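Take a look at the structure below.
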Amino acid sequence: MDLNLERNGRVLTVQIAGELDLSTSPAFRERIEAELGQNQEIQHLILDFKETSFIDSSGLGAILGRYKSMAQRNGKVSAVNVPPHLQRLFELSGLLKVMAIYPSLEEAQN
Amino acid sequence: MDLNLERNGRVLTVQIAGELDLSTSPAFRERIEAELGQNQEIQHLILDFKETSFIDSSGLGAILGRYKSMAQRNGKVSAVNVPPHLQRLFELSGLLKVMAIYPSLEEAQN
Amino acid sequence: MKENYLKISFPSLPENVSLARVIVAAFAAQLDFTLNELEEIRVATSEAVSNCVIHAYREKSGEIQMELQIEDGALSIKVIDEGCGIQDLDLAKTPAYSTDPERMGLGLVFMESFMDKMTIESQPNQGTRVLMIKKPERSKDNNGDQP
Amino acid sequence: MKENYLKISFPSLPENVSLARVIVAAFAAQLDFTLNELEEIRVATSEAVSNCVIHAYREKSGEIQMELQIEDGALSIKVIDEGCGIQDLDLAKTPAYSTDPERMGLGLVFMESFMDKMTIESQPNQGTRVLMIKKPERSKDNNGDQP
């Protein structure tokens, strides 16, 4: 897994390339939590799944964990570029109840 | 492995897509021998390795076998679009002594 | 009808979960699964093997065994550990139940919903055996024969 | 230093040669091999496993075992069969020597030239064990430590 973090004011966009599973989700958690810790003004976490090849329940748990961090600061999490096989996992796991999906980065930013 | 055979007069061009190994070389042999059997005028066999992802000594042996068939009818074998990792195997196996390599299909045809 | 098998064993390291997925997907490719079905098989495998790493061999490291088989046109996947075992199987299968507060409790749910059949045998302090079976949808029409 | 292993066994079917290549390549990806080195490992694996299928278990089908290991920054691959064995090892290693007139006799040559080390033990009618070892060139400068 490769993460690309880009902060723009109150918005943090994270591109997730590769596989988000048991072995990679600790790094996912740590990178994002470090960024959130250093930038208390971040209110919106946008996860970009364009290059994400695989997620399982460990990865979904890591995403839910970031939702909890954002909720604590009254912020929100959005998802963009969600491929069909991930859409289904998001549905089954209930993540869609707490994370809005947008077709593009532009739409998520507004 | 997927084979694409195209005959043009005395020239038979075979595109080899995928892996040429122990399990696929029998089909390679049979398809080409059938075509040669039906078209005695074929004098030039051009093997196109553009889409070939893997060859080992079983595959090299299958190529050498086709060289022998062509030599029997005083024909020849050429190779085009040879990626670097195959070039080395062709060298080590001595195939380069009996099979000319051309950078493009056009050049092999002339 | 083609029959084949692959037995594998490896230590319970988190990195080996992705290795297990690659191996199962390569083995499963012998049958006529759709890309979507292969994705479901990868998720189910990932859950079963992750469970061995996280739950079965919590602190210590142990060995995970897998037995993949093609029989009667179906793929079967056995995942075997000699770890702590599961105390209450029905409870474990409950959606959102997990003994680890950081986890979602969805692994067994995914395994059940993504495979045709899933059974677990477990003995506390002895280990757990998971069996999952899946047949390609495309081959179900014609009685399991491969095209 | 990372240590890991993977043991596999499967029947001696020609289709399983490509499966073995995929598995070895996925396992080898834990080390810092170049694409060219991975290609060499795939060829060496293909030769060793093909030899079990064609030579060791000529008519009948048997089981092939492989043991992959990462130790001291090197990949080791053991390929084990319980087939017919090799009568004369030195002769077998001669370039272009094959007991099968249709074959090139280059398998053992490729295994030797593409891996850092290759050793064979064989007992007629008992079987053959091939051991191949390779370390990433990039890691050889710094005494085998992974970056």
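The letters A, B, C and D name the chains in turn, as written, and every chain counts its residues from 1.
Please note the rule applied: a residue touches a chain if its C-beta (ideal position, glycine included) is under 8 Å from a C-beta of that chain, and two chains touch if they have at least 3 such contacts.
Please read these numbers as outputs of a predicted model, since none were measured by experiment.
Asker: Measuring between Cα centroids, which chain is at the maximum distance from subunit C?
Answerer: Taking each chain's C-alpha mean as its centre, the farthest from subunit C is B.
Asker: Quick one: report the Å distance separating subunit A from subunit B, using the average Cα coordinate of each chain.
Answerer: Comparing mean C-alpha positions, subunit B is 50 Å from subunit A.
Asker: At what distance in angstrom does the C-alpha mean of subunit D lie from that of subunit C?
Answerer: Here the centre of subunit D sits 28 Å away from the centre of subunit C.
Asker: What whole-number Å value describes the gap between the mean CA coordinates of subunit B and subunit C?
Answerer: The mean C-alpha positions of subunit B and subunit C differ by 42 Å.
Asker: Could you pull out the residues of subunit A that touch at least 2 other chains?
Answerer: Nothing qualifies.
Asker: Could you tell me which residues belong to subunit D and also touch two or more other chains?
Answerer: Within subunit D, the residues that touch at least two other chains are 13, 15.
Asker: Give the pairs of chains that touch; include all such pairs.
Answerer: Contacting pairs: A-C, B-D, C-D.
Asker: In their shared complex, at which residues does subunit A touch subunit C?
Answerer: 19, 21-23, 54, 56-58, 60-61, 64-65, 85, 89, 92-93
Asker: Would you mind writing out the residues of subunit C in touch with subunit A in their complex?
Answerer: Interface residues on subunit C, with respect to subunit A: 13-15, 17-18, 21, 36, 39, 42-43, 46-47, 50, 53-54, 102-104, 106-107, 109-110, 113.
Asker: Spell out the residues on subunit C that touch subunit D in their complex, using ranges where they run on.
Answerer: Against subunit D, subunit C makes touches at 4-11, 13, 15-16, 19, 22-23, 26-27, 30.
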